[in-house]
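In what follows, chain A forms one complex with chain B and a second complex with chain C.
And now, the complex of A and B:
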């Protein structure tokens, strides 16, 4: 199983900060697509992904037990 | 060294030698909104030798809640932010050479300013300008410190050419619909927390304590009590066009910039973003309505009343700003809503 954390407006879109799903064997890109469809997430292509608190690219494969976080870059200032 | 900086000199990370270095350095702050105000005030008080601040906007009432350099008087005089900031910063510390520019931070302007700059502070509100800063940073080998916030959520990352990944490695493209303070709201503590991260990094860079510079990407949510720090080593992208081997600095090229044109014979400016893609008009409408804007729309476009102007946004991100012929003002309005 994997914990998936959402930040900023993604958290609002999903309705919670944390979900648990089985994403092992999927790439980050595949997981983004799946979640985009399920929760109607906006503009996931530029959202940064971390696996176990380390930056991960879209091609990275998720292992069982990995904690995934989606962090949208914000532009306000 | 006088009494003025004694407490900062007493701090072991700075000391007398560090203060002398700070005194001989030049910081360029891009933007004089919330982040720009706070960064400029802290660095002015810290005794940086020279500070240049650039901004294209003027002071409005809705700025006063968080943009710490401005007053009600600045609002009633509709002073340009750069001019109001310059006045206040000079009053705070006459040791510092303050240069304020009322201008748009386009590549030509920044390239002219960059020659003796030691660090750039990102205090902009849009990714297009950040990508320009990022390319300038790589081309002229000057570090810059990304900072951004919306609501109670903020983030910062120090970009050191040749050492850390750059913003283009992280994003690969300009996010078209980044959340901004005009769409997602903002509380002042979020701004201050980002400013603290940025100015601490700036001081480390100014005293040349490179070991101390944070290499992780920090983000936090002050309302939800979250704080994360991401290791970024793996983010460096060999094929990056801004910092890779075959770099072209794509964002210094006019072709990749937002195009704005005054429509012939009309009091209207058209804005065409560089990164064309479909945006969700429905989601944008909901956000704007909840903020109290008057919004009308259909599946093809959205019309938003904004004081004396009206903006019509199309699905491909193109917009018409009615009620102005001022290109820079129109671009400001556009980026306020669409980041």
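And now, the complex of A and C:
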């Protein structure tokens, strides 16, 4: 199983901080597409992805147990 | 001692500075980021900062490593606050010590610019007539590969 975390405007869109799904074997890009459709996620072309707290590219393959996070453009500081 | 922190409490500025005190240093620069009331004429009532805390700490640590590699003899400490912040509250404190002052200014500037690129922290602005999560400036930036490119990381 995989935890998928949402932040900022994505959290508002999904209505929860995290979901648990089985995403192993999928690429980051595939998961992104699937969830974008399911939750009508806005502005996903600006969103980065992290696997286990490290930025990952769209073609990276998700393993069982990986923690995925969608990272909207950051605005700290 | 934790050199890189996310906190829900008001930041003690002196404590952050004290972390980088070293006998080899001839300068310490401190950057204090505060909550501004007016942005392009629009009045902010307060902000809420949210972080992916575990990753944010890792990315702050990465920035610290980058600085210590690039500016010899430097030492870095960064604390970023999350939660609700009012106008004039301190959101972030960056302290950098180096043997010579030019490096301390440069490295400190580098740290705040990097925070705005790679540290997963977001702010929601609350105005009299609404609220919105703020992306990078005009939300013009896209990440076609899903992560920052080399150029994004070193500009």
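As a working rule, the second predicted complex is superposed on the first by the 73 of 77 C-alpha atoms of A that agree within 3 Å, B and C clash if a C-alpha of one lies under 4 Å from a C-alpha of the other, contacts with A are read in each partner's own complex, and residues count from 1 in each chain.
Just so it is clear, contacts are C-beta pairs under 8 Å (C-beta built on N, C-alpha and C of every residue); 3 or more make two chains touch, one makes a residue touch a chain.
In this text, all values refer to a predicted model and were calculated from it rather than measured experimentally.
Colleague: Name the contact category of A:37: first (chain B only), second (chain C only), both, or neither.
Modeller: neither
Colleague: Report for A:28: first if it touches chain B alone, second if chain C alone, otherwise both or neither.
Modeller: The answer is second: A:28 touches chain C but not chain B.
Colleague: Once the shared chain is lined up, is A:53 touching chain B (first), chain C (second), both, or neither of them?
Modeller: A:53 contacts both chain B and chain C.
Colleague: Pick one for A:45: touches chain B only (first), chain C only (second), both, or neither.
Modeller: both
Colleague: Taking the superposition on A as described, I'd like to know which of chain B and chain C A:20 touches: first, second, both or neither.
Modeller: neither
Colleague: Classify the contacts of A:74 with the two partner chains as first (chain B alone), second (chain C alone), both, or neither.
Modeller: Both partners.
Colleague: Is A:7 touching the first partner chain B, the second partner chain C, both, or neither of them?
Modeller: Touch status of A:7: both partners.
Colleague: Shared contact residues on chain A, chain B side and chain C side combined as an intersection?
Modeller: Shared contact residues on chain A (touching chain B in one complex, chain C in the other): 7-9, 43, 45-46, 48, 50, 53-57, 69, 71-77.
Colleague: Once bound in the complex, which stretches of chain B touch chain A?
Modeller: 31, 33-36, 122-127, 130, 147-151, 153-155, 165, 170-173, 175-182, 184, 186, 194, 217, 219, 221, 224, 226, 228-235, 237, 280, 283, 339
Colleague: Would you pull the chain C residues touching chain A in the complex into a rising list?
Modeller: 33, 49-52, 54-56, 58, 80, 91-92, 112, 115-124, 133-136, 139, 141-148
Colleague: Using the touch rule from the top, collect the residues of chain A that touch chain C in their complex.
Modeller: 5, 7-9, 12, 28-29, 32, 43, 45-50, 53-58, 69, 71-77
Colleague: Over in the complex, which chain A residues touch chain B? Could you list them?
Modeller: Counting only chain A, the residues touching chain B are 7-9, 11, 17, 42-43, 45-46, 48, 50, 53-57, 69, 71-77.
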